[in-house]
Amino acid sequence: MTDLTHFDEAGASRMVDVGDKPITHRLARASGIVRMQPATRQLILDRKLAKGDVLEVARLAGIMAAKRTGELIPLCHPLPLDAVSIAFSEVDQDALRIEATAEVTAKTGVEMEALTAVSVAALTIYDMCKSVDRAMQIEFIQLEEKSGGRSGHFTR
Amino acid sequence: MTDLTHFDEAGASRMVDVGDKPITHRLARASGIVRMQPATRQLILDRKLAKGDVLEVARLAGIMAAKRTGELIPLCHPLPLDAVSIAFSEVDQDALRIEATAEVTAKTGVEMEALTAVSVAALTIYDMCKSVDRAMQIEFIQLEEKSGGRSGHFTR
Amino acid sequence: MTDLTHFDEAGASRMVDVGDKPITHRLARASGIVRMQPATRQLILDRKLAKGDVLEVARLAGIMAAKRTGELIPLCHPLPLDAVSIAFSEVDQDALRIEATAEVTAKTGVEMEALTAVSVAALTIYDMCKSVDRAMQIEFIQLEEKSGGRSGHFTR
Amino acid sequence: MTDLTHFDEAGASRMVDVGDKPITHRLARASGIVRMQPATRQLILDRKLAKGDVLEVARLAGIMAAKRTGELIPLCHPLPLDAVSIAFSEVDQDALRIEATAEVTAKTGVEMEALTAVSVAALTIYDMCKSVDRAMQIEFIQLEEKSGGRSGHFTR
Amino acid sequence: MTDLTHFDEAGASRMVDVGDKPITHRLARASGIVRMQPATRQLILDRKLAKGDVLEVARLAGIMAAKRTGELIPLCHPLPLDAVSIAFSEVDQDALRIEATAEVTAKTGVEMEALTAVSVAALTIYDMCKSVDRAMQIEFIQLEEKSGGRSGHFTR
Amino acid sequence: MTDLTHFDEAGASRMVDVGDKPITHRLARASGIVRMQPATRQLILDRKLAKGDVLEVARLAGIMAAKRTGELIPLCHPLPLDAVSIAFSEVDQDALRIEATAEVTAKTGVEMEALTAVSVAALTIYDMCKSVDRAMQIEFIQLEEKSGGRSGHFTR
C-alpha cells in the first residue's frame, strides 16, 4: 500500500507540493443520501406545504461551502473553482439523494469540493427539518466520478 | 406535522428569533461512520505505518469546523461554544466511528455544531487517505443525544 | 458635534469598549432599493420566467452576511444574533425594496448587521441579474429604526 | 430577454461554468455615494477635527471585502485579484463619493468585487460616523465601467 | 508540572469545557517588537515621507485579526470581545513596539486575542515595508498582563 | 529609499497591481523561535508526558493560516498556494524553532504566507502550553529565503 501523501518521511502533515503538476481540466462528482420520515420527505418536496424551498437553501449552502473547502479541510489546496452545481433526486419513500459536481482548471483535483458540497447541503436539509424529524440520517457520502488528473478516470 | 421553523408565513427563509428563549446549558452528541478497506483502516490505526496521525488531523478539522457552523449552515445562529470534543472508535473490520460532543450555554441548541464536527472530521479522513482508497464512504451521520432545550432530552 | 467614538484621543482607531454597557434587547431595521429596468423587475417577480428565485438567493446571502458583519466592518463588535429576517416589496415600476431586521441581546446595537444584510442582498440581486441588466443601481440604503440602546428609539 | 445565467433549465441555482472561457485581463470600476449632514462631511474631511482618518479605515475595509466577494455573493466565482484600489472624492456639500477599481486576469469579470468594495467602504463610513449622524444614506452604488470579457467594453 | 489542558486523558486534543466557569470581566495585554533599519523606522514615523500611514493599516489588521482568533487558533474558544485597542511606541533607534489590549466579559481569557492582535499588526508592518527592508524581524511577542480569571492577576 | 509600494502617490493604501508581472515559481522560507521554560520544552518533546502532540496541532494551525494570509494582511494578494510545510527543531535548552516553507506559481511572492504560518504555529504552541508557562516568548520571526521574483534570490 502506498504512503499517505499528506505526511512527509518524518510523519509531519503538510500540504502536498503540486507545483510541478500540469494544469488540466478536472471534474469530480459526489453523492449522498438524506434518510428521513416519508412525511418529512413529502414536506420538503411539496413547497406549498413546507411554505418554503428547503432544497434551494441546501443547494446554496452546498455551493458556498464548496468554495471554502480549502478553509475547512486542513491540507486541501485552495482552488479557483470553474463551476459547482448540485442536483437533488427522489429515491425510496424515505430519502432524498444529493449529487454535486465541481470543476476546476488546476493542478489538483476537486473531489473534496464535491464531497464538501454534498455534506453541507445534507447538513442544511437536516437543519431546516430538524424541528419535525430529529432522527434524520446522512448516508453514503461518496465519490462517484473523478477525471482530469494523473490518476486517470475514476467511476464508482 | 408542524411547520418548518426556518420559513415564515410567506415562505421566506429566516433566522428564527430566539430572543425570548431562556439561556440554558445545552449539549449535543452526534456520530458518523467512515467505511473503508480494511487495509486503509489498518494504516490509519498504525501511526508508524501511516507515518503520521490521520485521526488527530481529522479531530482538529472537526473541532475547528464546529466553531464555524454558523458560517456554513445558512440559518444557524452563531454560538459561543463552551466545549467541543471528538472521539474515534474502531467498529467492524472496515470502518471507523466518529463521535462529537458540543456544549454551549445559550438560547438555542448545538446539534448542528456536533453534526458539522462529525462531517468535517469524516471528510478530512477521506482527504488524508484518498490517495490509497478513493472509494471510502461516509455513513450514518446522525444525532445521538440532545439535552438542554425546550424540546426535552432526546436520545436515539 | 461630538467626537467619533471609534478614535481615541490620539486619533487611533479602536473597537470601542462596551464592557460596562448593560445587556439589553436591541433591534435594528434597515432598507434599500434596487433600481432596474421594468423588464428585469418583471423577470425577478415571475419565478417561472426567471426559471428560479432570485429573491430567495438574495435573502440567504443577506442573512449569512449579517452573521459576518464583525468580520467585514473593521471596528464592529462580533454579536451573537438572536434573529435576522429580510423582506422584499414592490415599489415603482422599476425597483424592488429590501428591508432587513436584526435583533440581538447584547451590549451594543445591530444597525450594522441590518445594513450589511440589505447591502449584500442588493449586491446578490445585481449579481443574479447582471447578465440582463448591467446598469442596475443600489439606492438609499439607510437605517429605518433602532431600539434598545442608551441612545433611545430612533425612527427615520 | 435572455435567461438568468445563474439558474439552470430546471430553475436550480448554480455557479456558472466558466471552464471554457478564455483567461483575459479584466477591469471593473464601480461607484457609490454616502449622503450625510454637511457637518459630518466636514468632520470626515478634517482629520484633525475627527481625530482620525475615517476614509482610510473605509478604504481598507473595502479592499479587504473585495478579496472575500466570493464568500459573500453565493454564486460568484472566487478570483485571484491582481489589484484593488479605492478613491474618495468630494461631491456636493453633503456627500462623499466612493470609486473602486478591481482588476484580475481570469475567466470571469470583477464587477462584483468592485461593487462589494464600494458597498463595504460605504458601510464602514456609516459605522465610523453613526454616533454623530445616524441618518446617513448610501446611494447610487453602480457599475461605471467594465472591460475584458466577451460582453465587450461597458461604460455607464 | 500540570498537564496540558488542551489534551484529554487519552491524548486527544479538545476545546476545554468552560461551561462551569463563571462569567467575569477579563483583560489581557500583550506586546511585541518589530526590529528594522533606522531608515525604515523613520519612514514609518514620518507619514509624509511614507506617503501613507503604515501604523494605522497595521492597527486595523491587528484589531480585525483579534476578532478572528477563534478561527486561527485551533482549540481557542470564540469570544464576543468587548474592546480591542493597539498602541505603537518608539523604542531604540531601530525598532517599534506594539501593545495590544483585549477585553471580554466571558468564561475564559483573552490572552490569545491580544497576542494575535500584536502578531498580525507586526506582520502587516512587515508587509507594508518589505519592499524597502526585507530583513525586518518580529521579536519578543509576549503576554504583559492578564486579569479576571481563576488564575489571578498576572503581570510580567 | 524607495517608496512604500502599498501607498499610491496620494498616500492612499491599495493592493499593488500585479497584473503585468510574469507568473513564476516562487518560494519563501521563514522562521521563528518560541522561548519557554526547559520543563515546558521537555513536556512538548515528550508526547507521552504531554499526553498529546502540541507540535502537530501547531503545524496544522500554521498551514491553515497560511492559506488565509490574504484575509489577515490587508493589502496582500490572495494566492493559490502550491505547497506549505512546517518543520520544528530543537534549539538551546529553552527554545523550539519553527520553519515554514511556502511555494506558489503566481505573479507575486509568498513571504507573507511563510511568515504567517510561523506566527500562527508559534501562537498555537503558546495557547497549548499557556496553562503551564504563561511567560513564553515568540522571538525572531524573520524571512530566511525568498526566490522567484523580480527582486532576485534573497537569503538572510
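In order of appearance the chains are A, B, C, D, E and F, and numbering begins at 1 in each one.
Methods note: contacts are C-beta pairs under 8 Å (C-beta built on N, C-alpha and C of every residue); 3 or more make two chains touch, one makes a residue touch a chain.
If you want to know which protein each chain is, UniProt gives these names: A, B, C, D, E, F = Cyclic pyranopterin monophosphate synthase.
Just so you know, these numbers come straight off a predicted model, no measurement behind them.
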Shared interface partners, meaning chains that touch chain C and chain D: A, E
Turn needed to bring chain D onto chain F - CA fit, degrees, nearest 5: 120
Distance from chain F to chain C - Cα centre to Cα centre, in angstrom: 36
Where chain A and chain C are represented by their mean Cα positions, the distance between them in whole Å: 30
Per-residue overlap in chain D, given as positions that touch at least 2 other chains: 8, 12-13, 53, 56-57, 60, 64, 68, 74-75, 80
Topology of the chain contact graph, where touching chains are joined (line, ring, star, complete, other): other
Every chain pair in contact, whichever chains are involved: A-B, A-C, A-D, A-F, B-C, B-E, B-F, C-D, C-E, D-E, D-F, E-F
Residue ranges of chain D in contact with chain E within the complex: 53, 56-57, 60, 64
Of all residues in chain A, those that touch chain F in their complex: 8, 12-19, 70-71, 74-75, 77-80, 106-107
Partner chain F, residues of chain D touching it in the complex: 25, 56, 59-60, 63-64, 67-68, 80-87, 103-105
Of chain D, residues touching chain C in the complex: 1-13, 32, 39-40, 43, 47, 50-54, 57, 60-61, 64-65, 68, 72-76, 111-112, 115-116, 119-120, 122-124, 126-132, 134-143, 146, 154, 156
